[in-house]
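Going by the order they are written in, the chains are A, B, C, D and E; count residues from 1 in each one.
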Amino acid sequence: MEEPKSSAPSSRSEPGQGGQGDGAGGAIILFFILGLAASLLVGWVAFPALLYSEKRQPVDFNHALHNEIVDHGCASCHFFRADGGFSGAPKLAQCIECHREANSDDPEEIRFVEEYVKPGREVPWLVYARQPDCVFFSHAAHVRLGGIDCAVCHGPMGESTSLRPYQENRITGYSRDIWGWNIAGIKRNSWDRMKMDDCAECHAQARVPGGSVQTQKDGCFVCHK
Amino acid sequence: MDSALIPKGVERCPLGRFLAFIAIVGAVLLWGVVAMFLIYIKGLNQTNMNNAYGFALWIWADLAVIALGGGAFFTGLLRYIFGKAELKNIINYAVLIGFVCYSSALLILAIDVGQPLRAWFIFWHANVHSMLTEVAFCLTCYFGVLTIEYIPLILENRQIERISFFRHLAHNMHGIMAVFAATGAFLSFFHQGSLGGVSGVLYGRPFGFRSGIGIWPWTFFLYTWSAAACGPCFTILVTRITEMATRKKLVKDEVIDLLAKIAGWMLVTYIAAKIVDTVYWAAVTAPAMGFTLMDFYTNNPGSAYGLWILIAEVGLCGVLPALMLIAPSVRRNARLLFLAVLLAVLGACLNRWVMILQMQAVPVLPFERWFTYFPSWQEIATTILPVAYGIILIAFSYRYLPIFPQEAELNPLPEGGR
Amino acid sequence: MKIDRRSFLAFVLGGAAGTALSPLPWKLTDDISIWTQNWPWTPVPPKGETTYVDSTCTLCPGGCGIRVRRVEDRVVKIEGRNDHPVNRGGICPLGAAGAQLLYSPWRVRQPLKKMDGRFVPVSWEQAIGEIAGVLRELREAGTPEAVAWIADTDRGTTAELCRRFLTVYGSPNFIRTPCAQDAWETALYLTQGQRATAGFDLERATFLLSLGSGLLEGWGTPPFVFRARGALKDNNGRFVQAEARLSKTAAKADQWLPILPGSEGTLAFGLIHVLLKEGRERKPFVAAHTAGLEELKRQALQEAFSPEAVAQATGLEAKAVVELARAFAAAERPLAVCGRGAGRVPGGLQETLAVHFLNALVGSVNVEGGVIAVPEPEYIRWPEPEMDAVASKGMQTPRVDGAGSERYPHARYLLNRLPEALLQGDRPAVRVLFVSGGNPFYSLAGGERTEKALARIPLIVSFSPFLDETAAAAHYILPAPTHLERWEDVPGAAGYPKPVVGLARPVVPPRFATMPTADVVLRLARRLGGPIRAAFPWESHEACLRQTLGPAWETLRRKGFAVEEGFKPQPFETASRKFEFANADLKRLAAFRPLPAPGDPGAFKLTLVPFDTLRLTAALGAPPFLVKALESEILLKNDIRVEIHPQTARDLGLADGADARITTPQGSARVKVYLTEGIRPGLVGMARGLGRGAHDRYLAGKGVSANRLLALVEDPSSGLEAGWGIRARLERA
Amino acid sequence: MDQPKNKRYGMVIDLDKCTGCGACMVACMAENNIPFRDDDTDKLLSVSWMHVYRLSNGKPFPQAEECFLPRPCQHCEGEHGHSPCVSVCPATATDYDMHTGIVSQIYTRCFGCRYCMAACPYHVRQFNWWDPVWPEGMERALNPDVSVRMRGVVEKCSFCYSRYQTALNRAYVEGRRELAEEEYQTACAQACPAGAIVFGDLNNPRHRVHRIVQPDLAHGGRPRNPKAFRLLERLGTHPKVYYLTGRDWVRRAGDNEVQKS
Amino acid sequence: MFPFSFEWVWDLGHLVFHGALWYALSILGIGLTYCILKAAWQASRGEEHEHGHH
């Protein structure tokens, strides 16, 4: 930049004269690489970091510990209602059945009892698997009819001792678990992503007969509402 | 001031006058842009469309400009594939007009949809059975072709041409232009046709519905045909208007005459096919769906869609210009030629209006009444926007690019000029 | 190193390539489109457990069984109860839109007091205290009868508590809002000696003759009547509608008799005339169960009721009258009903009597498929309250509306006479007015004069949960909970032929600081102390309800309703133990005379006839869904459309949709016209229920109220409101 | 997986019973989160999945007659499910489901080109010209089983598919795969106080709809019941909504085939 | 548009439609790439061609 005058002639070299020395060509390649590297860094590192906001769960819940104590595994707290719906994250009323008072000197449990049980305040759990409003998902169809294990979609949640942070897409408001934690969208496990394509993939593997005349897969309303 | 940019051997008006002209047209453009943003921000409630008129002025404008932009593909086809070498003198302008038309069409489409930010779903989640999918794909691809055809023209600007790479690029692109033109003709055939299919496949709308070959209704072919016929007419029309505006002869009469002659014969065959189609539709297709021809043209408010519209489209703006254009004496008379191409252009526009607007105005349920519609100012402004944009692009192209190869020859510079 | 344009270009190109190879543009494109799918300003209803609660709808006197769908604590849908005898799964549009009333932002959220023309929030304590203070003063002044209470029902615990309160306080002025039952109840009493409401066994009738009743426009209990109409069709029964315009009811009738408006009574007498003249009455029934036929013959066989004269009066052909009478008499189970429109205007007593006589002549009284006297519920058995001298004296004063007086001995409530009574004297006869249910400031005809009269009352207390016209005009609003937030016993379903009691329950906890009207009464009584307090030994409305219902409480709570399935009507209780076509009481009534539409026919060439629609209501207004469902033939933008015949339109130079001005002796308003062949030339049809001065922004300010253009018309035989139309003028605007 | 037999859900509306009261419209609005606006009197700008038309016999007073015709989505089958609207949607946002015979739609997939609206001769498809806005508090009455549609997309009656979904869920939890007739009913059919709307599976001879119209399923479901007709039968849309009437003029008014012949 | 998108079906319609599309796109893409690469090569070699191509 200090030598604009000297650089000007070379850049303005007459057409048809070849013009560039090795240095110029090298500079071009170098700048190209610089630009490439910078944008790759932005795209692969900075962008994902900026895209998601991170929240902590209101209470750190130990699934593994609870799983040992309860009788019916996941279904002890996550069960089907008589109306066919799935209860999802338990209500405070369910927690209170065991946690009217703190059962241990675990500070997290004590805090839970103090902050939620005593004032009767529902715990605002952040649901990792929360699908958008347009999605209809029937736990009954998958679990009762399809006999699919919770872990197929939710992973080994029951073995976790602590709740990982919840990340929310700043643009879409989705939980990061929907797109998957791999920003490239690559998944290794069946539970790594929860996009429509993943539903479709599983349905294709399971040879769920589709009724659609357009796609020969499922009609819109099978998964949408 | 900008003389360095102006092609060699031609004269252009003073920069001030040029800028004043651009400013005036730019103001119109700005009006359209304001309306466009109003629509983007507030939504399509800014229009006068409604649930009975889902397609309105914009879709008509879309179909009309694409039909008129057909001059590019058809002239290209004649020039590069059929080897009508004389047409090289008008092909640049045909391409430019086509480029303006198609970019306008895409712009209008982008305004017209309810969810512009999701518009790419049409590609990603494409339903290959939909005529609109075919339109979108072919339109976008063909716009790419037109861009490829237009780029060398830009590269031939005096200043840009000085750069070796660009000069070579332009040369190479010219070299294989026939390949692009052929691809363009293929794409054009399908998207002009699929636009015709848009209303032709609607078997719930007896007014628009046509039987046909396989998945393609007759209108598919009629649209391609009419675009091939009326597109060149529009090219001639705009060339003539440009000549009037610049007060210069830009293209030699032989070239225009050749193009007009070809367009004339295209129009003759098209209108013959159109008449056959109309008769078959009126006598067979519509009655099979429980309608008589006059159901489509009577009892509408103010006779806005009376039988006159059919007569105007097929007769006044179809048969008449077709006969005029195939008559050498008419082609030689500048005024009559102008009138003939103007009528042909109006005929194409009217046809598109009928197939989109009237198609929806006709009540299908026996207990419904005619639906009428008048566009809101926002719709009108956004429809005029592309016109202003086209004028500006043409003005810049004309001023700085060697669009008319014969201009220098036809308008020799006085001694002492550049 | 040289950093020049080329380097910069290379950097940009590299950047572009790198960006394309990174997830950024692709994910961003995707995320932006997902953003459009989840726009934060598009609401997302929270999910949760779905539960159903059975209750009873109290939005109209129908008392349909409803099934309320809740998601967590939110009411999301109201459906009809399949197992409810009255509506059997059906629901009317208003009932279906009930959740919008619960969640209306135009609800009154706490007690309000009007100060300097504006409402300010006050505490319940303060509001009740201040009102009690005024009440105490009136009692101390020895004028307890200056308190009046308007309610939309006189049945059920709440209404009885209000009435009891007035009684021990010392005022006889408990007034029920007018409805067709006023005339029917009187007719049943006069002819059968029974204190009962009229039930109509529509489901089993085989020939239904409706004299102007809007059977499909809100008359009776809509889902019951609708289903009965379907049953009539399934049974190949016949349904004839006599009405001046092609109402929905007329459109669905097997035969529409486009009679001149106001001629319903004449037609009824005309039919009686033919029946008697041709000896087509059901002789066994008439002989065994009726008395006074000779007197009826004397009355009905007058020349004025000959087919020719009736044809003249009704606009029908004499032949049609005769044929109708014969078909009616020949039917297996004929039934005639009356009560114009939705039945909110009682109509003339003589007219109702004529219809009732018609039923008696064909034996359709207290039998299957006929008119059934449904006794008033008797589960409320409270001990007679002890009354002090002030109360006793107050109760001796004549009612402010004249009901029960020498002139109107059989009338129980005459709200229509209240405005005139209020205009008498320097001080209005009513000093304190309570309004629980009903919306008299809107629904009373009479225009400005009525408004002026009501406005003379120094203290008006509204119990409305919503800001309706009466609430807006009140000095205090003591908001009651809505029908989904409170306990309420609902005795009887309008027009239903069996005794039925439903229970409305709090489906959700009250949203706002509201109080059931009965609780306000209890608290007022406590404040006033003495015998008044003693007459109300209950802690709360709910406690009162439990105690009053006794063992039935649990049944009702569990099942939601109680119906007397094997109900048989009681025998006639007249002196003769027969149905009496004539007796001393009947003889004293002013003779039948068709009431003309008020106004000078010379100056007002047309006649305005109001009509009802289920998509609008008088008292409650209409929640947004109903306004949305309103036909564009009735409302266009903010303009009401009036129906006129194309011939009328031609005479006036009006095109369909044209702006016009309608003028009646009561007032004038801007309207748009709607041309239809479904109305008699010379008439102007106008929907009731628009032109609201309060309510929400979906309803307020749209159209005009027919009530403002109409006049109050008093039936000379009973004092009941009997207006059916008014002379009018329509001009191009 | 063994799949239950294909259904063909359809509706029969008895026009002689329908009183035009509008309960079906309101029940539909409440069930399906239909938005409303300050001014909804222009029915061509208003969203209402169920619309009650008012038909007139066109005769002068006093021979004038009127009839009310509720019009939900006709769920056309066309030829092999190629209903007029389904095949034209460029983004595959609407589909015909062979399992239920229901024309379904993903609102979030729709980008608002409105081609389906142009294709539908019944005007059942409606566009969200405005953002849906509920007055403060009233959004509490929204039904979570049906997603709220954003501005700029087309919507239409779904035969209350969400009720099918919930009914199936309940059946699955109870270990069943098939639904009884009364388990899945649309909101309009359930609400109709006149009992004019009957809903069920046209493929199932035990269902009332089948018994009433006796559809000729080999010929696009043409009704064999002489009192039954479909709107615009001759277009070949093969709707699954049938109308009953004993009145000739009503039949003529609803069907251009009889109208014109 | 792509075989991995949900709507893709391996049937004649898709093969013809998308086949034609991708074919056309390929021609355009290859042609354009050829022109650019050749121009870059020519420019770097300092080649010059005779004028008068239009």
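Here is the rule we use: a residue touches a chain if its C-beta (ideal position, glycine included) is under 8 Å from a C-beta of that chain, and two chains touch if they have at least 3 such contacts.
Being a predicted model, the structure only gives us computed values, none of them experimental.
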Starting from the Cα centroid of subunit C, hunt down the chain whose centroid lies farthest away. E
Chain nearest the overall C-alpha centroid of the shown protein atoms: D
Looking only at C-beta pairs in contact, point me to the busier pair out of B-D and A-E. B-D
As a quick test, compute the distance in whole Å between the mean CA positions of subunit C and subunit E. 74
Between subunit E and subunit B, distance of the C-alpha-averaged centres to the nearest whole Å: 25
Whole-Å gap separating subunit C and subunit D, where each centre is the average of the chain's CA atoms: 32
Distance from subunit D to subunit A - Cα centre to Cα centre, in angstrom: 37
What are the residues of subunit B that contact at least two other chains? 115, 118, 121, 124-127, 129, 133, 164
Please list all residues of subunit C that touch 2 or more other chains. 32, 35-37, 44-45, 47, 50
What parts of subunit E, by residue number, touch at least two of the other chains? 5-7, 46-47
Could you pull out which subunit B residues touch subunit C in their complex? 115, 117-118, 120-121
Would you pull the subunit D residues touching subunit A in the complex into a rising list? 1, 3, 6, 80-82, 86, 92-100, 102, 104-109, 145-148, 158, 161-162, 164-173, 175, 177
Subunit A partner, complex, touching residues on subunit E are 4-9, 44-48
Applying the document's contact rule, which stretches of subunit D touch subunit C when the two form their complex? 14, 16-17, 19-23, 25-27, 29-31, 33-34, 36-43, 46, 48, 52, 54, 56, 58-62, 64-68, 108, 131-132, 134-144, 147-152, 166, 187, 190-196
Residues on subunit C engaged by subunit A in the complex (per definition of touch): 1-8, 10-19, 21-25, 27-28, 31-32, 34-35, 37-38, 40, 44-45, 47, 49-51
